[in-house]
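As written, the chain order gives the labels A, B, C and D, with residue 1 at the start of each chain.
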Amino acid sequence: MTVLELDNVTGGYGETEILHGISLKVDPGEIVVIIGPNGAGKSTAMKSVFGLLNLHGGRVMLDDEDITNTPPEKVVRKGVCYVPQTGNIFPNLSVHENLEMGAYVRRDDFSGRLDDIYQIFPPLVEKRNQPAGTLSGGQRQMVAMGKALMLEPKILLLDEPSAGLSPKYRGEIFKVVRDINEAGTPILMVEQNAKQALGIADRGYILVDGQNRLDDTGKKLLANKEVAEMFLGGGSVPAKKTAARKTKPKARAKARGKSKQ
Amino acid sequence: MMKTFKQLALASTMLAVAGTAAFAAEIKVGSVAGVTGPIAELVVPIVAGRQLAADQINAAGGLLNGDTLTMVLADSQCDPKAGVDAGTKVVNVEQVVAIVGASCSGATNGMVQSVTIPAGVVAISDSATAPSITDLDDNDLVFRVAASDAYQGSALAQLAWNNGYRTLAMTYANDDYNAGLAGVFEVSFKALGGTITANQMHEPNKASYRSELSTLSGNGAEGLAIFAYYGGSGIAIMRNSLEAGLFEKFLAADGMFDQSVIDQIGADVLRENIMITQAASDYDDPSYLAFANAFEATGHSPQAPYAAHGYDATFLIALAIEKAGSTDRAAISAALREVANPPGVVIRPGEWAKAKAALAAGQDVNYEGAVGQNDFDDNGDVTGLFSVNVVGTDGKWTGDLIR
Amino acid sequence: MDQLYGYFLYGLSLLTFGGIYAMLTLGLNIQLGFTGLFNAGIAGFFVVGAYVSAILSTAESERHLGGFDWPIPASLVAAMLVSAVIGWAVARISIRLRADYLAIATLGIAEILRLTFKNETDLTNGARGVSYIPKPYENMPEPWNQILMAAVVLAIVAVLYFLLERARKSPWGRVMSAIRENEGSARAAGKDVDRLRVQAFVVGAAMMGLGGGMMAHYLKFIDPNAADPTTATFLVFVMLIVGGSGNNKGAILGAILMWTIWSATEIFTSMLPGDLAIRSAYVRVFLIGLMLQIMLQKFPDGLLPEKRLQSSDSR
Amino acid sequence: MIDFINFYLIPGIVLGSIYALGAIGITLTFGILRFANFAHGEMMTLGAYLTLTMMWLTGWHPLVLLPVAMVLLALVAVGVDQVFYRPFRNSPAVVVVIASFGLMLMIRSVTQFSWGAQLQAFVPGIQRPTIFFDVLRLQPKHIIIITSAIVLMGIVHYLLTHTRIGKAMRAMSDSPELARLTGIDTELVIKATWILGAATAAAAGVFLAFDSHVSTMMGFQILLPTFAAAIVGGIGRPYGAMAGGLLIGITEELSSYPWIGDVPLLSPGYKAGVSFAIMVAVLIWRPSGLFRGRVF
């Protein structure tokens, strides 16, 4: 049985099409990583699960339930949690309040889960009453993940969790991701740090220009020559050019804006 | 069902009445007033005063050959843009023969300079008091029954002096009416030998005036002269002064003259402590009483500022139309001074039938209105009478004419 | 016959008022429609233009600064220049603010400007206003004076329209709409976004100053009440939104149409008897508010929607 | 010195409390619905008139009727939101602001039509101050206004920090996008925002009327200083709005204090300009407000 499946999804923001037919799936207990050059539609693919863009075609399935174009607040209630790359915490709320907000849709007593989260992320304990916006980048990422985990989701979506972090924190985050997964939560993750990400991934997908290019197990992809050329050593220049040529100006601008962040 | 039927019946009757009315000739006079805008609360009784005159005239035989006098309301918003627009509408679309209004001096200035003077339509303002209207180059087309601030300012100064005030503080709202009045008052009071300890402009419509008043209260002034509309800032200033114990005695002009001042501040506090000049209502004068009784019956207070002026302005225009014997705009403007000034049979408010008869007999008439004699000078201004008003035992304003 | 002639003259007045408002809406269109600058301080530039042109063109008066006796065209140019300079100063300090913040800042600045003209009595005669402002062709016989007045106003609007259409289709205009559509990409493309925005703001302010000056000449009288935010700022917004933000023809249409509605509805409400006529003045304002709501909900792009130069999505 | 406290500082605090209550609603709508609500002033006015009408009917003290007025006004606000703001949830701020302007005109004309343009007062007559320690003059109504305002702000604080919906409101003010992703029912939060905004607006209107009088333009006349308070405090920061309100209220009064010599520092004609000047200065040099609100 598959937890989450994208079946030939096309779509984008408004009329601009960014995804030209993406298919991927996540099985129970897996860590699945999406990598690809800038503007390939990695984050967009993830957002398509969450009803954040217009899907022109294809289906999104969660546990055999069709959730295509379901608005985000409903997707959450179905047990999917998404941690965006930026703006993933409420900066003016305290750490503790952020975690409480993560459990907003829960009506039961979640104090036990709060304790669990503080155990997964011990640095948050002493910061619990501090506004989350005053924390360091790594700690914010912990708050964001902790907040998402409050729901004990069926699947966790992470958008570049290591972006902008120092190498030390980056390692820590990947470790936490694995810990979370080992505790039973399947994870779908977009990453720029292809090497580290594929290192912990069960399987990986490589997207280029809004389409599937390659998919295989993490290990095999790491060993793949093309992948190594594109992401592990060399630049991403050729892919970027193709992306730039085919997408419309707006999408290009978006892609550029993103790369600057 | 029955109810609907009755409504239908009523509506059709009304239609029928309207139908007949349309056949009888209708003479339109523009009624331009600041219905919306900063002095909205003052305008309601003024418009009612104008309407009362028209209603009385129509009830007593109408104009000329039984024609109906219709007042066409237009909103000048106290804004010269709206004043010009309102003037344009009543002059061109409604084809009025003359205009009563506009309310504020600014809107009046715009309306007469841009529209009515070029169009040759006579306008009588019932509440524009700015001295700048006096010296307009108006081909004798702009009149007003409200006395220029120049008169009232000096009347109030004289009154203060006669009542033993030697040092006063003063404050005025920064608008066209009050700023003008305050300026005249200051000069006149100083000329009499009085001292103004402090003179402070204020911005109307603020929530509190305590800090301004505190500044004014230094230097031992005997009282405070307030130049403001009662609604804009006048009541708030009196309330703040009394509550803070800064001033106990007040002098004010007719922008403050309203029953709501007494109602809101309290008669006991104000008795002996306030004097307000108001443009001319000698409460014993038969002209005033004739107006006051009729106006009270319509549910308005006859003491409301400029309501009597609205009545007089409308009545004067009607007399001028009757005198001119036609609806020709130029003839009306030419007749206006004749019906307002002596000599002639004295006509008082409500005496339309008498006036009509006298004019039909070829006699001269002289309107002695609710606000005084209403004799126009060369500039189309009236000297105006002023009354001094204090709070009476009945908790209402009582006035005496200043001679 | 008199009645028809009356309608004709009233029509001219609608065109004149509408045309003057069109100068304001065209100015706002450059700022809001083309560049996305939410300037809520139209009244401020209006009042500056009105007073500058009034004071420069009037004869000497003991009530206010004056006696320059400039010809009307010269004083209007001065009104535009002074408005532009003030617009430049305002833009310099506030152009980086986004949408709502810019709106509130400019609204506050406009009120400060209005208070200045109201309080500096020696210069402006304060609340009592400036009289005897010359009006173009006022000495011509009726109806020629009014026809020519309307013609002058409409001619200016036509010239502005022509220039703005040229500007809109020029590279400058394309960059402007690019900034509005996507500031990030415009910046990335190496455009000095802030400078271009300041330019748009200044040009718009100059046109608003021209509108204010024209209004002063038309009314022959100006006082601070004429710059009341309701009729000098918000009404202009309503006009532009109804006409079609981003479309110059729409801006002109909106101004003339909305002024006509604003003005002509009263002809009907004043037919009501007595107290109802007074109360209906409030109803009129209610209906205008309601109409704005309906326009916004049903025709958000206005009567003449913007013709976009680039194919791109609004969000 | 004592004059300074009696005639400048205390009025400043009273005025500031009223601004602060008004600014809470402005800052919440600005933060959560992301637009400057120009109709907020008319809501304050409507609150005062509703209270006045109930006073005519019952003869009770305005303070007793205030909770009822809050409920009524909250109903009005939620209804208005459904009809006039909901269609614009995804529209640019400019459009919503203009819609709120249209609404301002509509509510004002309804008020003028229903109650007339005449000035009204809650309690006729004047209230002499109570004198403390021989010099400190305090009017009972001012004590009532200041303490009620403090109590209300305390309640607002409690709601925002200790209730699920209050925290959700702050969360949505921080980041509406993330709030959606978190599963927060945004429509419910929006309703709560209108309710809280309307309740505080009713209080501001009633206190303003209690201090002076009821008029159809009263709310609009304090709208811009209230905006200034919200901005100075930092958008989306209810505590900032409270502090900003006090700051604006006090500075307005103090600007005409004779700091140098015995003439007012600034002509009171410019008093209204003071709050705008502070606001513009804050916008330009510290756009996040003195209390670090959100900038977008």
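Just so it is clear, contacts are C-beta pairs under 8 Å (C-beta built on N, C-alpha and C of every residue); 3 or more make two chains touch, one makes a residue touch a chain.
The structure displayed is predicted, hence computed values, not measured ones.
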Inset, instruction - Spell out the chains that contact chain B while also contacting chain D. - result: C
Inset, instruction - Using mean Cα positions as chain centres, tell me which chain lies farthest from chain B. - result: A
Inset, instruction - Starting from the mean Cα coordinates of chain A and chain C, work out the distance between those two points in Å. - result: 50
Inset, instruction - Would you kindly tell me how far, in whole Å, the mean C-alpha position of chain C lies from that of chain B? - result: 34
Legend entry - Averaged-CA centre spacing for the pair chain D and chain A, given as whole angstrom: 42
Legend entry - Residues of chain D whose C-beta touches two or more other chains: 112, 267, 269-270, 272
Legend entry - Numbers and ranges of chain B residues touching at least 2 other chains: 36, 38, 43-44, 174, 201, 203
Inset, instruction - Mark out which residues of chain A touch at least two other chains, giving numbers and ranges. - result: none
Legend entry - Touching residues (chain side chain B, partner chain C) in the complex: 35-38, 43-44, 47-48, 51, 72-75, 77-86, 88-89, 91-95, 104-107, 109-110, 113-114, 118-119, 130, 132, 136, 174-176, 179-180, 201, 203
Legend entry - Complex interface listing, chain D residues touching chain B: 3, 6-8, 11-12, 14-15, 18, 112, 116-119, 121, 124-129, 137, 139, 208, 211-213, 215-218, 221-222, 253-254, 256-258, 262-264, 267-272
Inset, instruction - Over in the complex, which chain D residues touch chain C? Could you list them? - result: 30, 34-36, 84, 87-88, 91-95, 97-99, 101-106, 108-110, 112-113, 224, 227-228, 231, 267, 269-270, 272-273, 276-277, 279-280, 283-284, 287, 295-296
Inset, instruction - Under the touch definition given earlier, write down the residues of chain D that touch chain A in their complex. - result: 164, 167-168, 170-171, 173-175, 177-186, 236-237, 294
Legend entry - chain C to chain D touching residues, read off their complex: 32, 38, 93-94, 97-101, 103-105, 107-109, 111-112, 115-116, 118-119, 230, 234, 237-238, 241, 279, 282-286, 288-290, 292-293, 296-297, 300
